[in-house]
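Take a look at the structure below.
Order of writing sets the labels: A, B, C, D and E. Residues in every chain begin at 1.
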Amino acid sequence: MLINCVAYQDGQKLADIPVEEISDYIEKPETFVWVALRDAQPDELSIMQQEFGLHELAVEDARRGHQRPKIEEYGDSLFVVVKTIECRDNDIAIGEVDIFVGDSYVLSARDGGSQQGFLGVRARAEKEPHMLRLGPAFVLYALMDAVVDRYFPVLDMLETELEKIEELIFSQGRQRDNIQRLYELKRKVTIVRHVVSPLMEAVGRLHGGRVPAMCQDTQEYFRDVHDHLHRISSALDTIRDTIATAIQVNLSMVAIEESEVNKRLAAWAAIFAICTAFAGVWGMNFKVMPELEWKYGYPFALSVMVGVCLYLHRRFKKAGWL
Amino acid sequence: MLINCVAYQDGQKLADIPVEEISDYIEKPETFVWVALRDAQPDELSIMQQEFGLHELAVEDARRGHQRPKIEEYGDSLFVVVKTIECRDNDIAIGEVDIFVGDSYVLSARDGGSQQGFLGVRARAEKEPHMLRLGPAFVLYALMDAVVDRYFPVLDMLETELEKIEELIFSQGRQRDNIQRLYELKRKVTIVRHVVSPLMEAVGRLHGGRVPAMCQDTQEYFRDVHDHLHRISSALDTIRDTIATAIQVNLSMVAIEESEVNKRLAAWAAIFAICTAFAGVWGMNFKVMPELEWKYGYPFALSVMVGVCLYLHRRFKKAGWL
Amino acid sequence: MLINCVAYQDGQKLADIPVEEISDYIEKPETFVWVALRDAQPDELSIMQQEFGLHELAVEDARRGHQRPKIEEYGDSLFVVVKTIECRDNDIAIGEVDIFVGDSYVLSARDGGSQQGFLGVRARAEKEPHMLRLGPAFVLYALMDAVVDRYFPVLDMLETELEKIEELIFSQGRQRDNIQRLYELKRKVTIVRHVVSPLMEAVGRLHGGRVPAMCQDTQEYFRDVHDHLHRISSALDTIRDTIATAIQVNLSMVAIEESEVNKRLAAWAAIFAICTAFAGVWGMNFKVMPELEWKYGYPFALSVMVGVCLYLHRRFKKAGWL
Amino acid sequence: MLINCVAYQDGQKLADIPVEEISDYIEKPETFVWVALRDAQPDELSIMQQEFGLHELAVEDARRGHQRPKIEEYGDSLFVVVKTIECRDNDIAIGEVDIFVGDSYVLSARDGGSQQGFLGVRARAEKEPHMLRLGPAFVLYALMDAVVDRYFPVLDMLETELEKIEELIFSQGRQRDNIQRLYELKRKVTIVRHVVSPLMEAVGRLHGGRVPAMCQDTQEYFRDVHDHLHRISSALDTIRDTIATAIQVNLSMVAIEESEVNKRLAAWAAIFAICTAFAGVWGMNFKVMPELEWKYGYPFALSVMVGVCLYLHRRFKKAGWL
Amino acid sequence: MLINCVAYQDGQKLADIPVEEISDYIEKPETFVWVALRDAQPDELSIMQQEFGLHELAVEDARRGHQRPKIEEYGDSLFVVVKTIECRDNDIAIGEVDIFVGDSYVLSARDGGSQQGFLGVRARAEKEPHMLRLGPAFVLYALMDAVVDRYFPVLDMLETELEKIEELIFSQGRQRDNIQRLYELKRKVTIVRHVVSPLMEAVGRLHGGRVPAMCQDTQEYFRDVHDHLHRISSALDTIRDTIATAIQVNLSMVAIEESEVNKRLAAWAAIFAICTAFAGVWGMNFKVMPELEWKYGYPFALSVMVGVCLYLHRRFKKAGWL
């Protein structure tokens, strides 16, 4: 579905143009066309391929979808795949945006995976003609920056979830729940990492060393995007690392709790066993057992039992077993 | 066993040719010969070696089999080893395809390890003369692409298996089964990784930096293969990582379950021990034990016992021990 | 908030100058201006941006804060982000210092996160005119050196904490506490590492290979800072490594202790169970049980029980179970 | 001990020559001398040092032995240390072969650690004059190839051992044995890895990039050796990885088994405790306990007990506790 | 404290010279001065700084001590920090040697951490004039070689300790001790690694690629030192790896032992519980219990109990529970 198709000249919007005229505009000097598609159909992509002269393998990738984030050079043009991440219903939704960039065009095609579009990016760009004058490379930056900025709330969500689990990790009786949540969190972190890491690696090649000619003047902007991705990536590494430790700690806590339960069990068992042993002794049928004849034999026996129990109870309490 | 032996010129099939005429055809300009062998016998390989002028070490490798996936340059020609992977009877079957590529020939020799051949690849290639015109390098790409595309169903199988285990990981009483399946899955992942990783590394040298002359014009195609392998490889890494975590979590779950069983055991033991202790007390043989004389002493005793038991039962229930 | 704004010439302080005259001074030869801000407001930064001609992206970063430590080149000027670390109330407080360095200016802006300022740095620098003559790069060194020197007490604090835990790791009954402290310590180490590692990586590019022109003559000083960071970083790695081992050891210790408690429990349970079994036997109601009739049957029975108990006690003691 | 000392010219054996004439032969054009020593004595090495003009540090290394595998360039000559591995009495025996290679000589000195010599290598080489014509570099290749080929049976032995352990890992009651064998296997793998890894790294520098002049024409052969070492190395990594997982799985299996034993223990304990509690109740001395007076009270009581026991037994069986 | 201060010319000792004349001697051609300090005082270092013209940052480092091992270039001169390691009272003592090397001087300053000095190094060097003629770089090599050679006994000590622990790891009841010793050993290994790793990295830059001019002719000697450090380093890695596995195995062994104790406990508990249950049954007060009236009822009962116990005992023995 075509969202919009606009020609820009010297940082200013020229006109909304029909798809068929694209090939005319992209030949004009200092002019570029910015097309946005959503849930692009194969035939739409074919038209675009003809109008812009896109490389077959790139179009094939866009048609199939489910690519890893990447930036590929085809001659003078770039084919960029970035992934959007959104929190939805406590889960993570992944969308894909394929961007074709040439000297005089930008074509972005996003699938329905993400609910947020890029109209805002276009609006902001049109308000900054001095930036827009930098051409398609700046549009590419603006789109990538918008996508990457939307990673931060997801990162916050993951960090918040981790903090919630950490608060519970040393409280008793939550281990089953904790381990399940840690496992689930790890799954989410892995998903986000697979979106962030390859993109970071790819963007790293848009500044510094050998840079595609088109991005020469916007290097500092791509370094900024790279820096954001670096921040997200190292935060993800920390979360992963903390999860690994937390799982180990959880296991330790289970062992510690079990060990404490065992100690208490041992203590109570000992107390009852003593009572039963005493009762057993006085329940023996020996003919001559003087204390059985005593008038206060029974209360005496009970006192002895209670006394021993209390003594043990106190001693175990002191030893930290109860 | 010779499958077929065909000469191509300018992207078009010239003729099926007998093996002895190969050396004539490969000297013609703009012409190349594409030979396919299956379960090649040593003497077949010797003939091929003479006809194509293959390097001794490469032929030696093909003869012995069981090579790691690799791409080796011998002067102007390439020797490529790729492995096929197939799911068969819930296990993984590995096959080997050795490909010799020169300026004017492609020789592929596959062993019987894989059930699927490459007739489809030849058929598709012959329908695209503009591609076939790129020569042996394109045929190499087409073969590798076909092999790598067959990795994806195996990857899906591994991911499905992992998801099945993950569904069971938090359910009780399945730990022995889970750990066995995780171990088995890890074994399979290791096998697949040993097929994918060296190939990815090797293909990475067919695009980007210093590339063999022959593959200069097909770099973008090999980058595509590399990209597929990269996707598979990072999916495998995720599976490996998840398996490692799952084994740890499994251990935690065993410990948690045991700890819960211990708690329940402690609780029930306490309840019975109390009963036994009371019974023991009233079973003592003291002369003077007034309650023994009561008319309703027995029901009273039973009520006391049942009452204490119920009280403990409720309290343990509340504490989550029962 | 402006702390101070001073012009220097040839290593000597010229004058405190008002903000508006900055642009005049920085054009004079052999002169540079050193401005210090604290909790800089957006409008203050805008004025500075105009006076010094700072790059928009750098100012944007300084405005937003929460950057990773980094050193970015914008043409001839550098934008440096360093983090301060302070121990406060047994926790770690992170502050940020953004430094803009050009051929003829240094602008440092620190947020309120750290309680210590950099007045001392300026004072020391002014006392060493032969150093100050090296220009803004030396000031940058002096600021970074001051920041990095303040990392060492934090490192000491972490090492002391680890040593305290290590002393307790093999003592009984402290496992819950230990594991909690180890987890907390790991959290702190992670925070510090995220401050140190990116800075070390960034400073590494100020000496050795391709170095920004401005820092050419002060390379050896930046190598010194790099060396300090290296020392801190490898100390942090050791702490991390030790924590990981300590958590494992802790788990082992819990298991060992539990195993010992279990042994003791088994031993005591056996002793009591023997008593109860004996008492049960002599509590049976068989008509003909000769020993029940004996005059000293009861003392005999008690002696037997005590004897058996003592024998077992001694045997278990020997076996190390008690 | 001198094994043999032969001069070769143009791929053909010239003559067995006495040690003193070595220096004469190595000056002849197209000629090289191939000397083999075993358990070389210091004085033998000194003579060789004079005859061939070997570097002092290399000879010193050969004299002392216990070097890591390495390839060192001394001017135009190479000093190569490789290790032999042999299975002997279910353990691994390590031997050392030091090879000095120059433009016109090869000197190999092996210690007594390995039982197999290299007579076969010389015999095979003499049968292939077209190869031997490549000179000392080919002899070096032939020696290294022979050594590396002898690594494969050791690798097979390790893999077989691992498979044997894997078969037992999920069977009950073998955990102590398994863990001991895994530990032992890991030790062996570590030993082999220390032989293979440095050699692989060293051989990697004999093909591809900057290669010693002498090995220029035999690069493809050294790549073959490198490839073999790579295969061994990645197989070792897999074994190591599998051992690590197996140790973890073993721990899980112990925990699972213990948890099952605990469940059974809990179940049986509950059944007996119920019996004892019932018997305790009917053993109380209350005056009025009507069922005690019943004619069939005793059989009734026994039936109740047995009934309850059977009921519990069935229920536990169902729950999988028995 | 000045140990000695000697001038050398052309590989021969010229004279012991007073400190004040150093600056005269180092200007003579083909002459160098070798000074050795111990526990150098700040003022001694200041004098040396003036005489040799040492760089301020290097002297500052030497004054403060506690540097990481490193090799820093200051113009034409080198500043080298190496650490000595000694076994003392079953612990490890770390010392520091700072070496300043210039075209015509070597200044070594060692602190009191190590008991062994370097007089032997000077003596040996003076006996090899052909080596000493190589100048200060050779002296640097000789000093470093001496330091590194002293690492080997420490490595042996660590390996011996590990072997001792390994012998005990599968013996029962030593787990607490083992884990404590493993932890302690790991601590020592970490200390040694922090001495070896940075030095290895630093020495690696004294041979092979870009090498300081001064060390050009002694590259092969520094490669030798590098090789020694490499050997130590990989031995340390093996120890570390083995310790990690040993800790895991230890945990497994504890679990296995505990599981065995639990089985025995279960078995004995079952035997006693059966006895008690039987005794309880015959202790019931039913009027009609025929066996109670039998003449040999009591011996019969005892026989039944003993019989059941023996049967269970045998069965458990068979099952490996006792």
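The definition used in the following text is that contacts are C-beta pairs under 8 Å (C-beta built on N, C-alpha and C of every residue); 3 or more make two chains touch, one makes a residue touch a chain.
Per UniProt, the chains are A, B, C, D, E = Magnesium transport protein CorA.
None of the values given here were measured: they were computed from a predicted structure.
Asks: How short can a chain-to-chain path be from chain C to chain D, counted in steps between touching chains?
Replies: 2
Asks: Under the touch criterion given at the top, what is the topological distance in steps from chain A to chain C?
Replies: Graph distance in the chain contact network comes out at 1.
Asks: For the Cα fit of chain B against chain C, please give the angle of the superposing rotation, nearest 5 degrees.
Replies: Rotation angle, to the nearest 5: 145 degrees.
Asks: What is the distance in Å between the mean C-alpha positions of chain B and chain D?
Replies: One centre to the other, that is 25 Å.
Asks: Approximately how many whole Å separate the CA-defined centres of chain A and chain E?
Replies: Here chain A and chain E have centroids separated by 40 Å.
Asks: Can you list every residue of chain C that touches 2 or more other chains, as numbers and ranges?
Replies: Where chain C meets two or more other chains at a single residue, that happens at 248, 251, 255, 258, 262, 265, 269, 273, 276, 280, 283-285, 289.
Asks: For a quick check of the interface rule, what order do the chains take around the ring, beginning at chain C and passing next to chain E?
Replies: C, E, D, B, A
Asks: With touch defined as at the start, can you tell me which chain A residues reach chain C in the complex?
Replies: Residues in contact with chain C: 169-170, 220-221, 223-224, 227, 230-231, 234, 238, 241-242, 245-246, 248-249, 251-253, 255-256, 258-259, 262-263, 266, 269-270, 273-274, 276-277, 280-281, 283-289, 320.
Asks: Spell out the residues on chain B that touch chain D in their complex, using ranges where they run on.
Replies: Listed in rising order, the residues of chain B that touch chain D are 55, 57, 67-68, 70, 72, 74, 173, 175-176, 179-180, 182-183, 186-187, 190, 194, 198, 244, 247-248, 250-251, 254-255, 257-258, 261-262, 264-265, 268-269, 272-273, 275-276, 279-280, 282-285, 289, 291-298, 301-302, 305.
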